[in-house]
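The chains carry the letters A, B, C, D, E and F, assigned in the order they are written, with residues numbered from 1 in each.
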Amino acid sequence: MKKVEAIIKPFKLDEVKKALGELNIEGMTVTEVKGFGRQKGHSEIYRGAEYMVDFLPKVKIEVVTSDEMTPKVVAAITEAARTGKIGDGKIFITPVDDGVRIRTGERGTDAL
Amino acid sequence: MLKLFSAFLICLVSATNALADGPAVDTGDTAWVLISTALVLLMTAPGLALFYSGMVRRKNVLGTLMQSFAVLCVVSIQWVLIGYSLSFGPDRLGLIGGFEFFGLSGVGQDPNPDYSATIPHQAFMLFQMMFAVITPALIAGAFAERMKFSAFLVFTLLWTTLVYDPLAHWVWGVGGWLRVLGALDFAGGAVVHISSGAAALAAALTLGKRKGYLTEIMPPHNLPLTVIGAGLLWFGWFGFNAGSALGANGLAATAFLTTNTAAAGAGLSWMAAEWLHRGKPTLLGLASGLVAGLVAITPAAGFVSPLSSIIIGLAAGVICYLSVAIMKPLFGYDDSLDAFGIHGVGGILGAVATGLFATTVVNTAGADGLFSGSGALLGKQLIAIGACFLYSFTISLVILKAIDMVMGLRVAKDDEVQGLDITQHSESGYSL
Amino acid sequence: MLKLFSAFLICLVSATNALADGPAVDTGDTAWVLISTALVLLMTAPGLALFYSGMVRRKNVLGTLMQSFAVLCVVSIQWVLIGYSLSFGPDRLGLIGGFEFFGLSGVGQDPNPDYSATIPHQAFMLFQMMFAVITPALIAGAFAERMKFSAFLVFTLLWTTLVYDPLAHWVWGVGGWLRVLGALDFAGGAVVHISSGAAALAAALTLGKRKGYLTEIMPPHNLPLTVIGAGLLWFGWFGFNAGSALGANGLAATAFLTTNTAAAGAGLSWMAAEWLHRGKPTLLGLASGLVAGLVAITPAAGFVSPLSSIIIGLAAGVICYLSVAIMKPLFGYDDSLDAFGIHGVGGILGAVATGLFATTVVNTAGADGLFSGSGALLGKQLIAIGACFLYSFTISLVILKAIDMVMGLRVAKDDEVQGLDITQHSESGYSL
Amino acid sequence: MLKLFSAFLICLVSATNALADGPAVDTGDTAWVLISTALVLLMTAPGLALFYSGMVRRKNVLGTLMQSFAVLCVVSIQWVLIGYSLSFGPDRLGLIGGFEFFGLSGVGQDPNPDYSATIPHQAFMLFQMMFAVITPALIAGAFAERMKFSAFLVFTLLWTTLVYDPLAHWVWGVGGWLRVLGALDFAGGAVVHISSGAAALAAALTLGKRKGYLTEIMPPHNLPLTVIGAGLLWFGWFGFNAGSALGANGLAATAFLTTNTAAAGAGLSWMAAEWLHRGKPTLLGLASGLVAGLVAITPAAGFVSPLSSIIIGLAAGVICYLSVAIMKPLFGYDDSLDAFGIHGVGGILGAVATGLFATTVVNTAGADGLFSGSGALLGKQLIAIGACFLYSFTISLVILKAIDMVMGLRVAKDDEVQGLDITQHSESGYSL
Amino acid sequence: MKKVEAIIKPFKLDEVKKALGELNIEGMTVTEVKGFGRQKGHSEIYRGAEYMVDFLPKVKIEVVTSDEMTPKVVAAITEAARTGKIGDGKIFITPVDDGVRIRTGERGTDAL
Amino acid sequence: MKKVEAIIKPFKLDEVKKALGELNIEGMTVTEVKGFGRQKGHSEIYRGAEYMVDFLPKVKIEVVTSDEMTPKVVAAITEAARTGKIGDGKIFITPVDDGVRIRTGERGTDAL
């Protein structure tokens, strides 16, 4: 099992969700985060003082999936989230030892 | 104290000598002054409370709101017990009012023709109360996000009694020396704005900068709150200025009009100045500008023509912008929400403008300013500005230093980091 | 119903007998009563709506706001069709008004000297309407976060008709038995606050506790909203109390003054009580206290001296604090936003205080209370308190039980967990 | 321009011909009109500003607030310099006012009996100013979340001058052709609501849909803001409608009453319609409905009976709901916050209803409508509706196209995605 | 060391915290997230338009713990967070290489 | 590749960002979280009722970096985030299998 963790532009969430749906991925968890990277931020002005805000709003999607599905999930997200402009985000794949469905106690990929 | 207490007992029983014989009350004037009084209350709470609290960081939102509300409560009581008497009681040497009105003894339902012949004396007293309330609340902008609440309460009580009450007497009390001199202050440019602005500067200097000032980003945490506050301030200011005509008459209409155009002009000119200087027209800028315009027109509202008020407004927006965006960083003091930069600077500007633009064509009870051919008024205005600023600045400094020695003015470093809401009030603003 | 409908048809055509001959309308008094009417509307919506909705959890913010707004709409119509007539129509046995004013037939632009000789009858009717509006909205604090919206609508309509309208007649209607008795209620201490407080207690007991009450933390989700509400309540209450003078006169000024000082005193004393008891002065405490003070001064506002009003305010802050912080946990009912603890307890306190502090020196149309040497008034006040409380409590209980049997009062458990906003209204308060 | 400038200079010195001889000012009427003026200002800022800004997405909250505040500033100045004169200056051909009142020359503290014999001319001018302010602010609902701020400023100035000022003259100016014709518009159903609604439709069509319209979810980001706005609109509308009686009299009371019942009826009927149609009674629905009711009663407020106003309200809630929930998706235009759907449709409904329900029993200065036996009024109302709608729609279209060609109306795609707050104003609404 | 990451219903947080307390777990980190899964969302209505909202509010709890404690932690959360209804959430167990207590620089399980 | 995940005091974010900048770390993702640990919370008072709030506001910083950089990143964060008082937070190092830059499809450390 792997966790696929994608940090994307917020307005791409719907498209990514749809792309995952087409893979029959039935679950995911989404977090609002702030990203810092090559994409430059914007300035804000308050009473004549100018600040650089370099943290940009991003959305983190976490999908835990079987090893077989992982490449497909990565490919689907990559495609759906891409605008081609800087700041499109990253996908990280990390190992997962086990999963549990709380309701039933099921384990492993059955829990997904 | 004993005197006070016995006055208190007398009032409790004999109450407010509500006779029905004096000069007649005009219902229209009374309606206007009562609603104006309510409008000025609204300016402080929630108007100013919101205007300020939206600009602080989230962790200080309640502490900032609390200051305006606490001032309202404290000064409402102080004014009834001693403040009104010190301000409007029979004159002592041109400097202060006497004890005659302590506990509102003698302040009843009949008009007091010394101040307003067509409304109940209590209505006049109430209207003035709300001015005494808002003034210390304005100062709080200078020391936002770092003052101990207990010290703030003590400061409010002392400052109102030692600074506001005498100044109100000087300028508005029968026999007050600035009134006798002939300085004009229609609705409190000096009494309210210059005095609070000077105190704000004293406070910013005494308390020192917030931790992280100029190194950390401290953006307003909730600008819609600030904007609600700005809207309520504009709305309430009609009571403040047009209510100062003390009747529903042509002068009230003129003051209403100059108030509105000055606010509009200053909102636009601050916005334009920031647009030119920084490249963007901001909402906080427009809101700050309109408040600056309202401040600047305050002393002039009943003395100048509508077109003059546009000029005063335009000037106020630009000059207050410069004081906030250029002068403050230059000198490096942390007037956190620009109480000095807007109320002090705007108040001085307005008092000077009154000396320039006032004309007896608008108000025969006023005077002619420089542009109507007479320089005398301007001189008097400068004296009034100087006297009010220096008196307020000096006494404020003394009060603040004294409180600092006795109980400390500033919260502990860690408390400042954690925020006033939790450390001073054990509450959180939001759990959204 | 048929009668109603034909009255309706007649009014539609012949309308509001707007003749121009009766006793003269005073423009100042009319201006004051109209603006006071608007102020009392503002108290309910958005004032009370915000005060309450800031205190609930995020998931119930809209449901709570909705209650105040729905009451405003429902009662505005009910009052025009039947409520005003039941309250102020020609007396039947001292208990209720007759049908004569159904659909506002006979309620026109001329004054009705029975109630107010200097303002249009419609203005008096409108002012009273806003009192009928706010009263059921207050009750909602007791059952916040768990009542079905449909049941709430039915409750509002029944309660207004069966409880509020008769009580308004008893106390203020010409011929009403408590008015005849000589009980004093300047602006609705009994009619508005005791009646809503008693109903609130009945509701808290009938609906039972919220899921998780006392085991889960349920902090206010947005205190700035509550504070905006508190500010608007203070502002609006000048219309409520000083407007009850029904003219812009000395009495209005006195009522304005006592209202302000009582609010200030109670804000400070609740804050102080909590500071002593829990170690911190809170903003919610100050805001709750000022509302308690406003409640307590309501029946007394036009009958007591300013200094008495300070005492009433100080007492209200402490006593309501104790009722909320000590009595409520002791008995264990879930009066969620303290509608009983503040309006019931504060209203009773105010009615008693009127019996103690009232003096004809302030208002010759009033009476002398115990501290002015006469115990009679206090007795009458106690009768009025008892009658209003018992009547409201009993009928409210009956109404609530009946609704519960027919359609259910409370949302399903799961819906309570998910919140009223989504389950009752399919909306979310914020997507911040 | 030169003319303007010299008028300006003259005014600056000779000012507002504040003589004291003309017809007497009535203090009660003046108090009422001044406070009504303040109430109408409150409707725009912060009332409408909040109503709209709560409905947009978080990233556009400041841009939306900014629009209302900027309109207030711009039109306050425009009106003083030229707008009032174009609207209410001496008639030219029934189409426009002359230059006589440029820079408020001749608009002083004495009454102008042409428009209001009992209040200062400046008070009448100020009251009218606030109508000129709110009208362009209403239009902004149609193009929310996508218009360039610079283009918005230019649009506001042109639209006010070329559309609002002439229309105000047609309907209200002495000699205006619709006034001469005998069309009735008590408080601005045509001048304010139909004209802004028609411009809104023109704007929605010209600017096109928001990116993501109908494909993305765009829920309101902060409904409590919207609800505060709705409450302030209701409150302020008493100034708008009852203030239009231009005195504190029986007619003001009637207009106050019809305003309140229409709002209540429409709040309930929109809620009911949505409940039936979608299965849930929503708060946004109730709030939208009450605004629709206020719009619809505006032209009729001083001409119809209370019971008629209930019917008008009930109809307004349902019909505006249908226009927003059925008609808009059918045609597919993106009237983002339903400026056309509520103000255009509601305004037309109200103007027609005036032709149906008006009766001289309520107001002898009015006329009898269809249900009082005369069809003539209805015909005039239809002419007025058609003329105002077509004129506003056409000229708005021309202005918008012209601005689009010269400077572009719409922000860049990327800026729309990022939001107006950061891209137009370099600010963020919240850091909660 | 393992990281136990549980996505649960928000109102179960208190019970889970208590259950972990009984295991002497002294630290955890909590994030508000939005979940998409089998549990269906709700509809929202704005001016007559109906939207489906399928992201539901959830809470993510992260507990880093020793290998030995991991099964106990998983069991405790499973039990405390269960309502038996769909949407109770998931637990994922992932490997952790090392931990540091910033204050002291302690490493490994000592850092917990 | 490793993910370095640090839970720190919010007001230390700027310093940590700066310290990472000095290592030429050009990307990171930040989440607002609530922490429970040895650091005690505070009490809140509402209408005379006192509640213990033991979840404290913390900030979670996630930096995915190469194996070589990991110790330097950990050291930099540890130093910059330390106040020496309880509650300074933790750093957890977890394995990452792979990373993708969505914009370009680059893989592995090239994606960072």
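Here is the rule we use: a residue touches a chain if its C-beta (ideal position, glycine included) is under 8 Å from a C-beta of that chain, and two chains touch if they have at least 3 such contacts.
Owing to the predicted nature of the structure, the values given are computational and were not obtained by experimental measurement.
Undergrad: Quick check on the contact network: minimum steps from chain D to chain F?
TA: Between chain D and chain F, the shortest chain-hopping route counts 2.
Undergrad: Need the graph distance between chain C and chain E over the touch network, please.
TA: Steps on the shortest route: 1.
Undergrad: Interface check for copies chain B and chain D. Shared numbers divided by all numbers used: above half gives same, below half gives different; which is it?
TA: Both copies, chain B as well as chain D, present different residues to each other, with under half of the numbers appearing on both sides.
Undergrad: A-D versus A-F: which interface comes out with more C-beta contact pairs?
TA: Between the chain pairs A-D and A-F, A-F carries more contacts.
Undergrad: Indicate the whole-number Å distance between the mean C-alpha point of chain D and the mean C-alpha point of chain E.
TA: That gives a centre separation of 52 Å.
Undergrad: How far is the middle of chain B from the middle of chain C, if each middle is the mean of its Cα atoms, in Å?
TA: The computed centroid separation for chain B versus chain C comes out at 33 Å.
Undergrad: Which chain F residues reach two or more other chains?
TA: Answer for chain F, listing residues that touch two or more other chains: 31, 44-46, 50, 53, 94-95.
Undergrad: Residues of chain D touching 2+ other chains?
TA: In chain D, residues 26-29, 31-32, 35, 219-220, 222, 228, 248, 278, 280, 282, 284, 426-428, 430, 432 touch at least two other chains, as defined above.
Undergrad: What are all the chain pairs that meet the touch criterion?
TA: Result for touching pairs of chains: A-B, A-D, A-E, A-F, B-C, B-D, B-F, C-D, C-E, C-F, D-E, E-F.
Undergrad: Using the touch definition up top, name the residues of chain F that touch chain B in the complex.
TA: The contact residues of chain F facing chain B are 11, 14, 42-46, 50, 53.
Undergrad: Which residues, counting only chain D, touch chain A once they are in their complex?
TA: 212, 216, 417-418, 422, 426-428
Undergrad: Which residues of chain D touch chain E in the complex?
TA: 217, 219-220, 274, 277-278, 280, 282, 284-285, 288, 321, 324-326, 329, 338
Undergrad: What residues on chain C touch chain B, complex-wise?
TA: 26-29, 31-32, 35, 39, 57-58, 118, 219-224, 227-228, 230-232, 234-235, 238-239, 242, 247-254, 256-257, 260-261, 263-265, 267-268, 271, 278-284, 286-287, 290, 304-308, 310, 359, 361-363, 371-372, 430, 432
Undergrad: Write out the stretch or stretches of chain D touching chain B in their complex.
TA: For this pair, the touching residues of chain D are 8, 11-18, 20, 25-32, 34-35, 37-38, 41-42, 45-47, 49-50, 53, 61-62, 65-66, 69-70, 72-74, 76-77, 80, 103-104, 108-110, 119-120, 122-123, 125-126, 129, 149, 222, 225, 228, 248, 424-432.
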